[in-house]
Structure formats: C-alpha cells, structure tokens
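Letters A, B, C and D mark the chains as written, and numbering starts fresh at 1 in each.
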Amino acid sequence: MKPPSFRRPEASLPVAALVLTIIAFVLIPTYTDTALSSFDVYNTLQIFARLGLLTLALGLTMIAGEFDLSVVGTYALGGMLTVQAGQQHWAWGLLAALGAGAAVGLLQGGLIARLKIPSMPVTLATYIALLGLTSALSGGLTKTYANVTVTLWVDQPVLTYFSPRSLITLGLFAAAAAVLSLSRWGRELRAIGGDRRAGRVAGVRVDRLIVGTFAASGVLSALGGSLLSFSLGSANPDPGVQPLIVAAAAALLGGVSLAGGRGHPLGLLGGILAVALLAEIVAVAAVPQYVSQLFFAGLLGIIVVIDAPDLHSALVRQRTRLRPSHHPRTSI
Amino acid sequence: GGGSSSGGGDTAGAAGLEGKTVNFVGYGKDNPWGAYFNGVFVPKLESQGVKVVDLTTMDPGTAVTNFNQAISNKPDLIVAALLDTSSTVVPIKKAKQAGIPVLVFDGRPDPSVDADVMQVLSDSEALGTAAAQNLVEGLKAQGRNSGNLIAITGTKSGFAAQDRMKGFDAELAKTPEYKVVDIQDGNWDPTLSGKIATQLFAKYGCSGIQGAYGMADYQALPIVAAAKQAGCPVGGKTGLVVTGSNCFKVGIDAIKAGTLYGTATEDPGTIAEQTADYVIRYFNQQNPPAKELVKEERVTAENVAQFAEQCSKA
Amino acid sequence: MSATGEELVRVDDLTKSFGSTRAVHGASFGIAAGEIHALCGHNGAGKSTVVKMLSGQETPDAGAIRIGGDRLDLHSRQVAQRSGVALVDQELSVVASLTVAENLMLGDLRAGWLNRRRAAGPRLRALLDNVGLGHVDLDQPLSELGIGERQLVEIARALGQDARLLILDEPTATLSDVESEYVYAAVRAVAATGRAILFVSHRLGEVLGLCDRVTVMRDGAVVATTAVAGLTIDSLIVQMLGEAPHRLRKRTGREAEGPAEVLNVSGLSVAGRVDDFSIGLRPGRVYALAGQLGSGASEVLRAIAGLVPAATGDIEVDGVTVRPGHPIAATRAGIAFVSNDRKSEGLFLDKPISWNLLATRLPAVTRWGVIDRQRWSTALTRLVGLCGLDGKRSADSVRSLSGGNQQKVFVGRGLGRSDVRVLLLDDPTRGVDVGGRAAIHVLLRDAADRGMTVLFSSTELEELLDLADVVITMHKGVVVRRHDGDVAGPVLLREMTHGAATPAEERR
Amino acid sequence: MNVMSAPPRSDAPIRRPGRSRSRAELVIDAVLLLAVLAAIVLALTTHRFATVANAKAILTSASLVGIAALGLTLITIGGSAVSLAISPSVAAVGMIFLSAQSFGLVPALALAVLCGILITGVQGAIVGYAAANPVVLTIAASFAITGIATGVSGGSTVSPTGGGYDRLNATPGGVALSVYVLIGLALIVQWTLRRTGFGRSLYLIGENRRAARAAGLPVGRTTAVAWLAAGALFAVTAAFTAAFNTSANVNLGGTLTFDAIAAVLAGGTPIAGGRGSALRTLAGAVLIAAASDILLLRGSSTGVQILVKGVIVLVVVVLVHLRTEGSRA
C-alpha cells in the first residue's frame, strides 16, 4: 500500500483540505492585523497533538469498516489513569493507561468479531461505561498531576515548531503509515473494510484483524489521553462529545470513506492537520467559535451528501438520460 | 450596571490607551455568563483604544493552547479566566518567564502561582455565606428552628464551587440545628441538577428536606420545579426554602414570584466592569492592588428591586 | 496433458447438507497431476458446494479429501491455502476499493508480513499479462475496471498462488470470448506444470475444448466421470439432464394475434452488460428469458423494474413511457419484480408471512392510513389461498419457512395486486425443491390466465419447457433467438451455453 | 458502512421447524430472568425504593429522556441507526419555545414543534431520499444547529417572555405532566407503528431497505416522515426541558443524545433497524432511570450510575443480538 495517487479521494480530500487551510493561514495577515510567527505553527501542532491520536484511532477502525465511538471514553480513562497511577512515576501511569486501552480494545474487538455484532451499539455502550468508570475513579473530580517536570517536558519547544508531544504524535502517524504501507495489514485492513466476504474468500483472517484494529484503537486513544494529561497537568473525567465529533470530522476530511475500505494514515494526518490549522486560524484571527462550527458543518455536509448512494444513482440516471441513446461496447 | 461605581476616575484618562494590547483568554461565548461578560468587558476596553484579541473558549484543553498562543503574541497583558485551575499552572509560569503580566478574573488560580498573577475575583466564599444566610433566614421566618438542607453544586473540581461550599459550611456551622443531609455535584448543568433534585426529593420525601441550595440560579430553579413535581410545596409559610448564589434574570423573577427565597450577585456585568476598570487602571500606572475582590451582595425579596437591573444581564 | 497420470487430488464420499437440503451426497472423483478436470451439472447440482469444501469454506459432513495422498482437514480458508488449494470463487471475490496489485497480493500466504509491492512488481505484471490484462496498470484502483476485467484479476490472483490444486468456479461466466481465451491458455499453462485443476462451468463448448475429463453431478450426486474424448455437447447434456432433454416445448393454445402489447421495451442497453434489447409482450402469456450467469437476462429484468440507474432505452406499459431508473414509477405503472436474491432484495425475513405478502398492498388494506383489519384479513386470506400456504402460520416469520415456501411468499406478493400488469421474475425457482417449483409454476400460469403478463428468467431447461409460452435465449448480453413455436430442450441449452455458434465451431 | 448492519454471516442459517426455542435462547432467557430477579431483590432491599414517591421520581426522571427516545425509536426502526443531533436540536427548539412565550403557551408550543419538525425533517429527507449516512449527517447537523443557535443568540441565555410555560410544570394528580405526556405519546407512537400503513412500511424499510426499494415502497417519503415525527417529539422534550429549567441556552440538551440512544438500546431495539417498539423504549428509559435511582438511593456516585448505565446497554445489546441470532439459527 503506497500512498495513493492524488486523483483518488483518500488523497485528494486531505490535500484539498490542507491546501485550503494553509492558504487561509498564510493569508491571516491580510485579513487581520496580526502577523504570523513561528509560534503559530508550534501551537497548531499542539492542537494537532491533542486530537491526533484520537483521529488515528477512530480512522483505523473506520478503514476496517467499523466505527469506534468509545475512543473518547478510552481517552478519558487513559488520561485519568495516567494521573492517578502515575503520581509516583510517570511511567506507571502511562503503563496503566496503555494497558487499560489495550484491554478495552481487545474486549470490544472480541465481541464484535466473534459475535458479529455491529460495532456502533457496542462501542456506544462502552463509551458510556468508560466515562462512568473514569468519573467513578476520580469521584467526578478533575485530578491534578503534581509532576510539573513532565508537564514542562512534553510541551517544551523542540526545533522551534515541535514539542515532544507533537513529535510523538507525528511519530505514531508515521509508524502507522509505515506499518500499513510496508506490511500486508494495510491492504488487508482496507479489504475487510471494503468487502468483508471477498476478503474472507481471499484468505484474510478477518476476525484477528478486527480484534487487532480495536486493540490498536484502544491503545492509541489511551495514549492520546495520557499525553493530554501530562500536558495539562490534570485529567478531566468528562471530555464531552466535542473531541469525538471533531475526530470524526477530521477522519472524514482525511479521506476515510463512510463505507469503509478507504483511507491511509497519511490522509488522516492531512485531515487532522487541516482541522488543527483551522482551530489556530480561529484563535489567531479571533474568529468566533460558531463560525468554525458552521464551517465544519458545511464540510461534513458536503462529504456526506457526495457519498450518499441514492444520490449517486440519481446522478447516473441523469447522465444516462442526457446522453443520446447509443450502443455501448458489450464486453461480456 | 451596579458595579460602575468601583475604581473612580478612570474615564478621565480618555487620552486613550492606544497601542496597548490585551489577549483575552476568557470563557467562551456559548456560555451565557461568558457571553455577557465578554459583551461588557471587550467594548469597554476597546472604547479606550485598547486592542483586545479574543481567545475565549469553554474547553479546558483549548484554553491552555490559547493561553500559550497569548504568550507568544507578546501582548501587554493577558486577561484569563481559569476553566481548569491545575492545567493553567504551567502556562502562568511560562508567562512569568516571558515577562508578560497576567490578570486572572472570577475564580482564583492554583496556590502555587497565586503570587504570579494579578486577580479580580468573585468573592466565592461570600457567595456561599450569602446562600447559607438566605436559607437560615428563610427557615427562621417560617418559624422552623431546625431543618434538613440539600446542596446541588457547580463542578466540584473547580475552586468556585469549593470556595462557595467553604463559605456555606462555615456559615451553617454557626447554626448546627440546620443540617446539610446531601451534597451532589450538579456540574453547573441545569438539566442534571433537576434530575438529581427529583431523585433527592424521592429519597428524602418532602418532609425530609426543608431547604435547598442550587449554586447558580439556573440550578436552583430546576430544584424548585422538581420539588413542585414531587408534590412538595415551595416557599410561603411552610414550603421548601430555595436559594441560588449567582443571580440571573430568571432568579430575580422567581424571587419576585416568591418561589426562590434569595440569591447573591456575581453577575457577569459587575465583574466585567470591574475587571475592565482594573485593566485601565493598570495601564494608566495607577498600581491597582494585586488582588481585588468583587463585592458580592445578598439578594432577597426585600432588596430584589435594587438588584433586578444588575442581575438581568444573563 | 494426460488424464491417466497419478491422482493428485482425490475426494471420496463427500457429503454436505444444509438443513434439510442435501447439497452433496457421496461425491467421489479424482484429479490427476497436470489434468484439467471439469465439474458440470445443472444449477443447484452441488458443484459449488464441492468447491467450498475443497477450499475450506465449508466442512464436509462426511467423506475425505486427499491431496498428494494425505488426508486433509480443511477447516478454514487459510488451512486450505496452506495445503495448496487456490480458488476462483463463483462470486466475484476481489475488493473494489483496493488497487489491482493489492488484489493480486490479497491473502497470498507466501507474501509474508512485509509488503513487497515493488519487488513483486514484475511477477504481478506477468500475472496480468498472462490473462490478457496487459493494458491494466498495477496501481489502478480495481473500481476503474469493468466486471470482466475484475474477474480476470481474481483469476490472475489464483493462478499466481503456485498451488497444487487450482479451482475455478464458473470463471468465464462474465467474460467475453477474447478474455476467455486468455484464461484457457493460462489454465493450460498451469496444468502443464503438473498441477491439478478443477474447472466448473456451464459453457459446454469450453468444457469440451479445454478439459481432459468431466465429472457430471446431478442433484448432489456424481453421475459419471468421463474423458472428453468420448463426449459431445449433446451427450454431455444427456448426462446432466438424465431423461429430460428430448422433450419438446409444445406450442400453447393462445396465439400471437391476441390483444395488444402490454409491455414494450426497445433499445434497452446497460453498458457492458446488455446490448440493444427489444421485446413486446402481450397479456395472458408467459415469457422466458433463458440465459446463464452473465447472459444479461437478470439485468434486463432489473432494468425494466427500474433498479438499474445506468440503463438506457425505452420502456412502455400500455403505451405510456415509464420513467426509467425509478422503482416506484415502475411499480405505479403496474410492474412487479421478484428478484433472484430473495434474502437481501426480496423478503423481509424477520417479519410475519402476512406482512410480507401484503407489503406492496398497504394502500389497499388501509383506510385513512390506518390498517383496516377487515380489508387486511380479506386480502390476506385470498393471497394465502392463492399461494397455497398454511393460513394458520401467517403470523410466523418468513425465516421459519422452508426455502420453497419462502419463495412462494415472494412470488405471491407480486400476484396479489390487482393493479399488476407485468410480473417480472428473476430465476423464480432458484434453490427450490421439486414440489415448490411445481407450485410456483402453477401460480404463474394462473396469473397469466387471469390476464397478467409474466416474464421470467431461468437457466433451468425443464422450467423453460414446462412454463414458458415464448422463450428468448440470451448469451453474453445479446438475444440469440426468440422461440415462439416448438423448441427442443437441447437446442435451448445449446443456445444458452454456446450462443448462436454454428455446430462446426463446437469442438475447438 | 458495516456500522449499521451485522456483517453477513458466513454460515447460512439452518432452519428448524416450528417455534421450539434453541438452547442459546433458553440460556439467554435464564440469564435475563436471573438478572431481573437480582435487580428486584436489590431494589426491594434498597431503603425507600418501593414507595409511591420514588416511583413518581423514577417516572419523572425518565420522562424527558423517554419522549426524545420515542422519537429516536422511529429513526432507529426505520433503519437510519441514530441521530447524534438530538441535544442541539432540543437546545435550539427550547430557546425558540421560551422566546415565543409572549404569544401564549399554545402558539409557542406549535411554533416549537414546527421548528423541531423542520430541523430534524430536513435531515430525514436527505437520509431518506439520498440515502446519506445518518451518523455523519447528524454530526454535521449538530455543528450547524449549535453554530446557528450561538450566532443568533450571541450565546446568551433565553428567558421566558411570558408565564404560560409554567403550565408544563403542572402536576395533575400529583404526577408530573411530562409523565402523562410520555405515556400518552408512547401509546400513540406504539399505535402508529402497529396499526398504520406508515408503521408497517417503516418496519419493512428498516429491516431491508433494498428489498423495500425493489418492492416499490416509498422509502424516501417514509423515512422523511419518521424523522419529521421524531423532530416533533424532540420539540416536545425541548418545551418540557426549557419549562422545567425556566431558561434555555445552547447547552440545554446536555447529554440527551446519548441518554436517548441508551434508552432505545436498553429497550432492546437493535440499531440495525426493522425491530423495536415504543413500549420497549419506554421500558428502556424506565429501566435506566430505575437503576440510577437505586444506585443513588444506595449512595453511589454519579460515575457509578453512568458506569452501570453503560453496562446495562452493553449487556442488553449483546443479549438481544445473541437472542435474535439464536432464534434464526
């Protein structure tokens, strides 16, 4: 699986989104009286680091034709465990978070693959349960992480534009891209997302792959929560639904298909970077938040309508009817 | 607004503060309190020629990003409200390192950075005290010498809720015959508060609860509605005594109607005026004190007319 | 190619039942190394079930599979692949969202964990060239390819797996002649390297031209295994059909000068599937489209029913043009359609029989939008009677019925509407037992007698002979011939499996 | 997307004649029975659980979620999975309802319902006629609704412009009006689903959209109407919620979206569509409310209440799935 050519939606969508937002970003000085600084790029990458892993986690399950709503629950739980188990040493917290993420993923993946239950209700239930668990663990309180050294470390500027946090996130995107490009998993993931029966007939181990994908999704979201907790120096038991919705939007902008079977980690990277840039533009240009919400609504609306199958049929019908009746080549 | 009296003489410096820049990391506009605050604060500074960069948000994570953005913008002053106290510790330290002054309004900062910022704070303990006084006064007026109370708070993890409860508990400690039987976290959420209240009335029954504290008026009113639906009388000679502790228009209406015994101020208009005022004084080198408290007032039926205007902003 | 070499693959007494359907019982045959072995038989004879057991998709109830002398337990696709079985499934099993190269590498056990697309490039290229896809780019998305080209990619994938046994289940059904020739050549080349090949096909010409021996199945059992040298198309047809083939379809009493045409289709084309199909149908008669998979018969019916958005051409009912591509418009015009896929495009399996029967009649059984119990039960009783179903069970879910009875419900739904002028049925008795089939035939004949126009597609000779007043044979998207008069079974079968080819062309 | 439908099962079902129950079904039923018994024991040993006041409290707290969940039931049965835009719709309509109080209660209600129908109906039309993915569409809609509501209101809280709303807080016979409305609407929705042609088509379309299309059923129209009705029900929830809180802003909806989905799922309605009923959703809403209530009475934290809600939903989803599969096998 090499990065796809630009004609195809998994490449053209994120590239278009990224180019548009970069242009809007670069032009900021022309429509506001703020000058751009290197810090704006740094801050964009910080926003990216906050939501990147969530997008990657959700995006991977979407490529496999599933939908993991529980990512935000795992994100919250991971963040909370990081703080509560990591008071002695940050590594324990991280370990607890990653372990919990893997366990949640394996449980969900197992249920979905073995029992062949649709993923949405299962992950919705785990989402609610995980939020409850997180809240029960913390007594509903935001928990403070005392280790300021870690907090300072994860966000210190590296090479002007980066921080350890954004570098780790970028690294994981690169790793995911490498794994999916360099191993058979990439094509197999898209195969079971695109046509599960055909994949099975061709010899893909569908069940294992689904379990593995959900486990990866759990670990990535938990790590995302961990990094956020380190950065904020605190863990919030209820991150709300906004991160989920933004991550879904980013994944769709990243060229992942609603029908599954399409998408690439690099596309996801493009999608979430576009979202982060947009957020930074909103911050720098002091655009009201509701304007960016409307912008998202528009983008998603266009994506979903373009993807709608019955609209497709209508367009095909329209095209065939406008064409003078002619005799196509019969290649039967 | 009622708070315009504070800090006199500022408008005299109409020579203007051209060229001064404030980066404003306040509460987002989709929160009513924040929306009104911003609506008073920003124009007031802009009328003085101060440039205000709006970095407001209701998401604690975004707030940190925006705070860092503000530091990088190198303004003359950062004005911030702390959605999550602990996550702003590091940004405040960074701002100090960068030599950018920070003014925190509404809720207090983490003690570890208390000395690093200027503060215009709501007097949360006074708000809690006022609420307790309202309840005791109301129950005494009904001739009750004892009673069970419930409290539905704002987000417990925030200092605002904690400090109000501190004041509330301290005041009630003076009259131990009035006992708090249940405290629940209503998360500054009216719907959740209503749900909890419904269940509490079922748990204790009408006779088991004589007074209730909803930490904001929009939490107190769902308690009133829940009580009525549970068949418990509210207000009057024998009914439940309910108080809020930061006033909204609906609360004022309810006090006039007699369903809410009382509330307290902490209206966004007053604190916005005072914060803007503080900024102007600061820029005019009038050396305002490092920490200012907004004077909070107790509101009941007796003085409601006086506060109706001030409290009807949100 | 030798048919006498040592047997590389051997199946003995293979048996498999699905519920009460005995799909395969006691099937035994062997394939020698280097042999191309054909598996023939009528639809539903059990060929694909044998293929599924050999390829690890189904486990046999009884019997043994041996490859290279070892008895194997092929309980999953992976195990079968590791044992050296490569498969081209009857259903197209490539993934449209992947590229051609990715499809070629999908499930390849030798590929290892590393994706060696670059390194594999020349090998994959050779695989494509081998099946005549020289013009296709390896990194092209499969979705840009036509159906035939996709099928060739699947065949190329199986050819590339370096297997001991290569199974192809109807590989050429959707291919053109030119494309098929590439497949024949490739298959011959594989056989020449000493592998065993199992070739399932309905195209008897290619069976005789390509294969060494033919095993014929009928009703789940093996009839005979014969070397092709001793076979002709006609003798093969005799083996497949048993006693039936010499029956003639008798001219029915009704005549063509009856009432005016109800349905008129002209110039109907679906790119790559159907070419310039025209027909006029009169009421009171039963018409049949005879054609194998890939002949375009199904596509014609679906297009008339408004289910093919890309169809062009004119469709008129009683002289009024039907808005194309709109199933609701077709329904309003009086066209009812019975799909060949009753599970996913026909019945509502978890709903009661009554709901299914009356699904299309809701306006007639409601008053002000509310279901009128009186009308509902009247309509239901009539339909249940019409279909010969058990009235007491009408509250049970359709899923609880046998396949045959499910099909009766499906057909019955189209019959129950008084406003239906044209009833289209795509292979209406697929997977239905003899009794059920007879019952459905009676239903259709009654419908025609009541003045309806019935047009069905079928691959089943007996059905074509018994039921149809007019048979139109189709092959590779075009009409071969229209038989208004008498016609012999073998002629139909020849046209369906062989097109309008002259007898001289039969033996390649 | 495979999200909505169970992946095709590789092994075809083996039919069994008659209605005798399979072992899987018996096991599942036994598990369910045990769970119900355990819950009853737990409930009865909880102080003050079995009182009239508490029953009223449970119903009251189930009522607002329940009404919205009835609307969602229509959407789910019709095969459109879920709407993720319930909270923002309720918030927007709640704001409209309170600001229209000066016209009187009835016109305000009518306006609210009309707006609810419009907001949700547009989404339904797109889902019905274009077969757009409902999950993503409603995510987009939630952005749009919140954005517009914030933009128009400037983020401020809407206070009632008249007093008529308070009649929605009435307690005839000591029980909240919203409880009567919930039960009434549940019966109406149940009747509509069971007894009307629309209901039949909705079940059929939800079970198998392709088959419905091929059969010439009005797929687009039926789906759109289901969403319209859902929008009206969301509007009723909005009016009650706004009246209860006596104020409304863009956060009025709170966690309603997920609460309503949880109620529908806990009622045993599968997300794939074609099954389910209004009464089951009612039961689901009451089940969750009762469980929260028991936990609250026993002193558990909000977190534990939410955790248990999630676990209930998970268990019901899995059991319902196994049971349907069991009855098919």
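The rule is simple: a residue touches a chain if its C-beta (ideal position, glycine included) is under 8 Å from a C-beta of that chain, and two chains touch if they have at least 3 such contacts.
Please read these numbers as outputs of a predicted model, since none were measured by experiment.
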Message: Suppose chain centres are the mean of their C-alpha atoms. Which chain sits farthest from chain C?
response: B
Interchain centroid distance [CA atoms averaged], chain C/chain D, Å: 43
Field: Rounded Å distance, chain B centre to chain D centre (Cα mean)
entry: 35
Query: Whole-Å distance, chain A centre to chain D centre, using C-alpha means?
result: 28
- prompt: Where does chain A touch two or more other chains at once, residue-wise?
  reply: 140, 193, 197, 200, 288-290, 314
- prompt: Could you say which residues in chain B touch two or more other chains, in rising order?
  reply: 28-30, 185
Interface hub residues of chain C, defined as touching at least two other chains: 57
Touching chain combinations (by label order): A-B, A-C, A-D, B-D, C-D
Query: Given the complex with chain A, which residues does chain C contribute to the contact?
result: 57, 77-78, 81, 87, 89, 91-98, 102, 105-109, 111-115, 117, 139, 141, 146, 148, 157, 174-176, 179, 267, 269, 271-276, 294-296, 309-313, 324-325, 476-478
Field: Partner chain C, residues of chain A touching it in the complex
entry: 1-2, 5, 8, 181-184, 186-188, 190-191, 193-195, 197-205, 257, 261-262, 312-314, 316-317, 320-321, 323, 325-332
Statement: Counting only contacts in the complex, chain B reaches chain D at residues 28-32, 34-36, 39, 184-185, 189-192, 194-196, 198-199, 201-203, 205, 218, 221-222, 225-226, 228-231, 248-250, 253-254, 314
Task: State the interface residues of chain C toward chain D in the complex, per the touch definition above.
output: 18-20, 57, 305, 307, 327-328, 330-332, 336-337, 339, 344-351, 355, 359-360, 362-363, 365-366, 369-371, 396, 399-402, 413
Query: How about chain D: which of its residues touch chain C in the complex?
result: 10, 12-15, 17-19, 195-198, 200-201, 203-204, 207-208, 210-218, 274-275, 324, 328
